[in-house]
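A single structure is presented below for examination.
First chain written, first letter: the chains are A, B and C, and each begins at residue 1.
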């Protein structure tokens, strides 16, 4: 009798297990959102665009080679993101899951109005990851999401990470995660900044004409202006500056490099200058940061005085002139030229930010060490004082290696050596 | 209906603990512990056999019913007839009476196994020899015993002594003879294969060791194969097994005690231990449990293990079993007690800890880095075998954020075609795997090879192509299977296979939360276990002296002491400097330097 | 009296460390930042010091009555009635700790991992597992605590080490937070974070001698202080004070933010495994303590029939609060604020009265 009772209880238990439990969702009951785009809405407060993969099997038979994943995008006008998701679920057969969302793209005009409303609300969900990237796009975010079809690979998430990792190689734009952006919105130490993306209609790629005579560095463009043809339609270049939650300004490539150097996040980049001896020739050095910058802050009658010293080092990549800059005689010349050039860019960037009164560099992080309690610090309100700050910069540049050549010998012509 | 109600009330009401004792406890040295432990019990009650005793206790307290009273009286009456009083067990001096008794006891002439050879010893004294056909060595009988007994001049020098003694000392040229004066003893030894010689006029019977029966040769062990080590394994014959161990431990303190288990089949069972190293209390407890087994048929170590283990309802085994004599010898040298039973080529060793179940002899015979590496692989195999399917189920149902995005998309694509929910998929594959395993044992060896290939490749591939399972699952299941093959102890491997299903269900219900709770439950039950007084997870929990051979195996010359938890009287295994040759070398060098 | 086994110093230390340090995974680190700002890591050291002073007094009490546990001590020094009331209050505190912590844990699980499961299932499974421990005895719990502590600590330190990529020293400044006075006062009041050390007093019969209690208690308090302080230090280094005040569970968000390259990201469910195991053992320890005090209070011989009704009671306590906000601001705060009284002040009162009334325990024959 006891056995019968136990068997019945066991059966009840097992049967209740085999039905779907409250939280168990099969993998194929979700639809995974890759990118979320946020625009100013027309029909409602905001316009959300989602890019979802389509898991159809195209062509090959079952169990054979799986075809490439295609994506499709959908845009919805909704008051908040969760409402947008609900609306989207009325025309998709699966629930939306944004645990794997890597990009959150915000259009520029929405950023200029203020992003606080939805940034604060999106993070409350357990599915949004704080390691997602925030990107500001010039133009419409919905267009970005639609056109985000990477050309090199069909693995979208790899491509997404890859795009953002390029900033480590060039320094021409910054990388902001949701965590960083969200923190900088609320913090008293510095202001947020985000990478800029834009569409390039290849109109800068002129097919006839002469190159400019003046030196134009590779970073002296704003997003969308790169002179190129072919490749993905969008490009990441430059930085957007925020005052609180409103976008107030833009930095081009060179200035983004300066921002990274001041923040201590500069990894490497190829910096070109004009040759000091011959203004038509160019020198490129593969620059890295030696160590974090040395920032000292003093207070002079309540005004902050910031002394920054940046340490860089580099390997020579490109020498177009015959001057032996690799020798000990001429190397200091080259180093000094670089130092002056970089200091110029940094000063320009700092002035730009001072005019906008945004301290995106994080000088506040060093300033706080002079205060004892939070109340004093918040009374001082560093973020409002940046425009009065006096910033003195200094760059130290050391050229370490010269590549695989130690010396450049002149080319010989039939008329004799070129002078 | 009343049975149903009774069951429910039984389950819900509170029952007082019948055993007020705490089971067998293995304490520290008596000198230290006797005045301190106030609630320690010296000899606990054994596991299975308590029920009969307590039933008797219980029934003795109730007033007797009429049936019981009548039944008792009937038993008294029949006892007179059936049970032979003591003096009918003694062998009589009349040969005819002995013959009748032997014939009657062995149910002859129905029973054709027993041969009774009647003859005259020395042409004068009548005698007969009784033995079982097939269990004696006919050569010995024909050449060494019968000719000597039947020759004319046997009793030439017989003096005043008993003829049985005279025969044993002078005539019987066999290596082992004994005598007895009880029928029960004689019958028992005939059943064991000895030949019993009864003489006219002697109240004693001579038992001659002339055994010879078909038995298996010593072969490589079938279940515990290792690469670098001896390839001898136990056989079904008790004498051979004990001799195999004696060849490894050549010490006069190695004791073999023989016990007989099984009321009807009287199987022999040897208890081996090192006097002075094994804890006497453990020896006593084991012998006590073996002697008190009250069953009709007990054959082999498997059944003995189930009768004497502490807790039958736990999944983990509390007694280790091994097929190798070298491993058995190392158990004996550690201070454990070994039980070898007739009929199966395995030996049992008790007490054992959880970590001891992972050791194989290969760890000892291989150099130290190899030993550590092999252990780690085995433990990784254990984790895979237990947790992997459960983790897969929990991960795909509840925690998809952990899966890398690209893998997730490809898994989702593959799963589009599969009609089953994940839990059912996993159960199908796991049960199919268990079927393959179980069937593979019995498949005739001709097609045994092909079954492996069929099972693995075609079944898995066909299942994927038919859209029954997703490809990732085939990999998960095969890694799980391989992991369970890596566990050295067969009983533990079966336990792990059962636990796997528990984890699958737990993961399906509540995800990682369910798996964690189930793991904690299992650890609770495992930590509460004791194997003959030794807590199961020693030396990790509770803490005892550092043992250099638990998970990582430290080099062999660091293992100077025996495991602390076994409370052996003699703790030292190695001297203080086991690598004595190191200091000897330096002495030699200085000598040389001084001499030249 | 229920039969409890014996365990040694090592296992006692492991028990107490798991009991105390599990709080690092709760909502408290984020919640107290509202009052103290950036100074969490040394505020907890102040709490630890306060707890050590209280424990020294409790140790004196236990030394006065060797071999007796706290229920018997209350009876002996305060008399039957008042002793009964004190022990009963102690039991009620433990029971409410069990219930409220289970509820907090369940709400967090529902927020992050299992949103659709009814909370009663989660609480029920947790308390069921904890009540199994009562059937298996105290020795089992001590052994499991020892077994589980090292992997748990290893995982914990690994998380802290891996999060070092986000460390920013300036997040600790301003160094005095909202003011040194606030920090010190909160530190002293929050010594109730270390109040689980009192379980050593409840199980004083199982620890062999007062010397063992002293070693176990002080070692475990120092170690837990170090572990909690290290954890809070890492939290403050990663998140700065305006951010950390908003977060529900800081430790979980920390693990969510770990990212090393494309592959090692979103690995927080592993942290979940670790956390659930330590929480289950924590609840088992506290639950067993509750049952044990109850049995000692009413002189019961067998703890097993008490387990299931006490589990039902614990589940009911856990379901009392209506929503998460009240759990945080009313119940958890209440326990942290008033825990001091039942766990620390009451034994001190017993000590004072025992000294005044000159009550002493007889030294027991070697036990």
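Basically, a contact is a pair of C-beta atoms (placed from the backbone, for glycine too) under 8 Å apart; a residue touches a chain by one contact, two chains touch by 3 or more.
For clarity, every value in this text was computed on a predicted model and none was experimentally measured.
Chemist: Considering only which chains touch which, label the overall pattern as line, ring, star, complete or other.
Modeler: Drawn as a graph, the chains make a fully connected set, so complete.
Chemist: Pick the chain whose C-alpha centre of mass, unweighted, sits closest to the average of all protein C-alpha coordinates shown.
Modeler: Looking at where each chain's C-alpha mean falls, the closest to the middle is C.
Chemist: Could you quickly compare A-C and B-C and let me know which has more C-beta contacts?
Modeler: Between the two chain pairs, B-C has more contacting C-beta pairs.
Chemist: Quick one: subunit A and subunit B, Cα centre-to-centre, how many Å?
Modeler: 67
Chemist: Could you state the distance in Å from the CA-based centre of subunit B to that of subunit C?
Modeler: 45
Chemist: Would you pick out the residues of subunit B that each touch at least 2 other chains?
Modeler: Touching at least two other chains: 398, 401, 404, 510-511.
Chemist: Among the residues of subunit C, which ones contact at least 2 other chains?
Modeler: 114, 117, 121, 262, 266
Chemist: Return the residues of subunit A touching two or more other chains; collapse runs of consecutive numbers into ranges.
Modeler: As it turns out, subunit A has residues touching two or more other chains at 21, 23, 99, 129, 157-158.
Chemist: Okay, in this complex, where on subunit A does subunit C touch?
Modeler: Touching subunit C from subunit A are residues 21-23, 99, 126, 129-131, 157-158, 161, 179, 182-183, 186-189, 365-366, 368-369, 371-377.
Chemist: For the complex, which residues does subunit C have touching subunit B?
Modeler: Residue positions touching the partner: 3, 7-8, 10-11, 109, 113-114, 117, 121-122, 125-126, 129, 132-133, 136-137, 139-144, 146-148, 262-263, 266-270, 272-273, 276-277, 280-281, 284, 302, 304-305, 365-367.
Chemist: Which of the residues in subunit C end up touching subunit A in this complex?
Modeler: These residues of subunit C touch subunit A: 37-38, 111-112, 114-118, 121, 168, 170, 173-180, 239-243, 246, 253, 256-257, 259, 262, 265-266.
Chemist: Spell out the residues on subunit B that touch subunit C in their complex, using ranges where they run on.
Modeler: Touch residues, subunit B against subunit C: 14, 16-17, 22, 35-36, 38-39, 395, 398-399, 401-402, 404, 510-517, 519-521, 523-525, 527-528, 535, 537, 540-543.
Chemist: In the complex of these two chains, what residues of subunit B are touching subunit A?
Modeler: On the subunit B side, the touching residues are 3-4, 6-8, 10-11, 396-398, 400-401, 404-406, 408-417, 421-424, 464-467, 505, 508-511.
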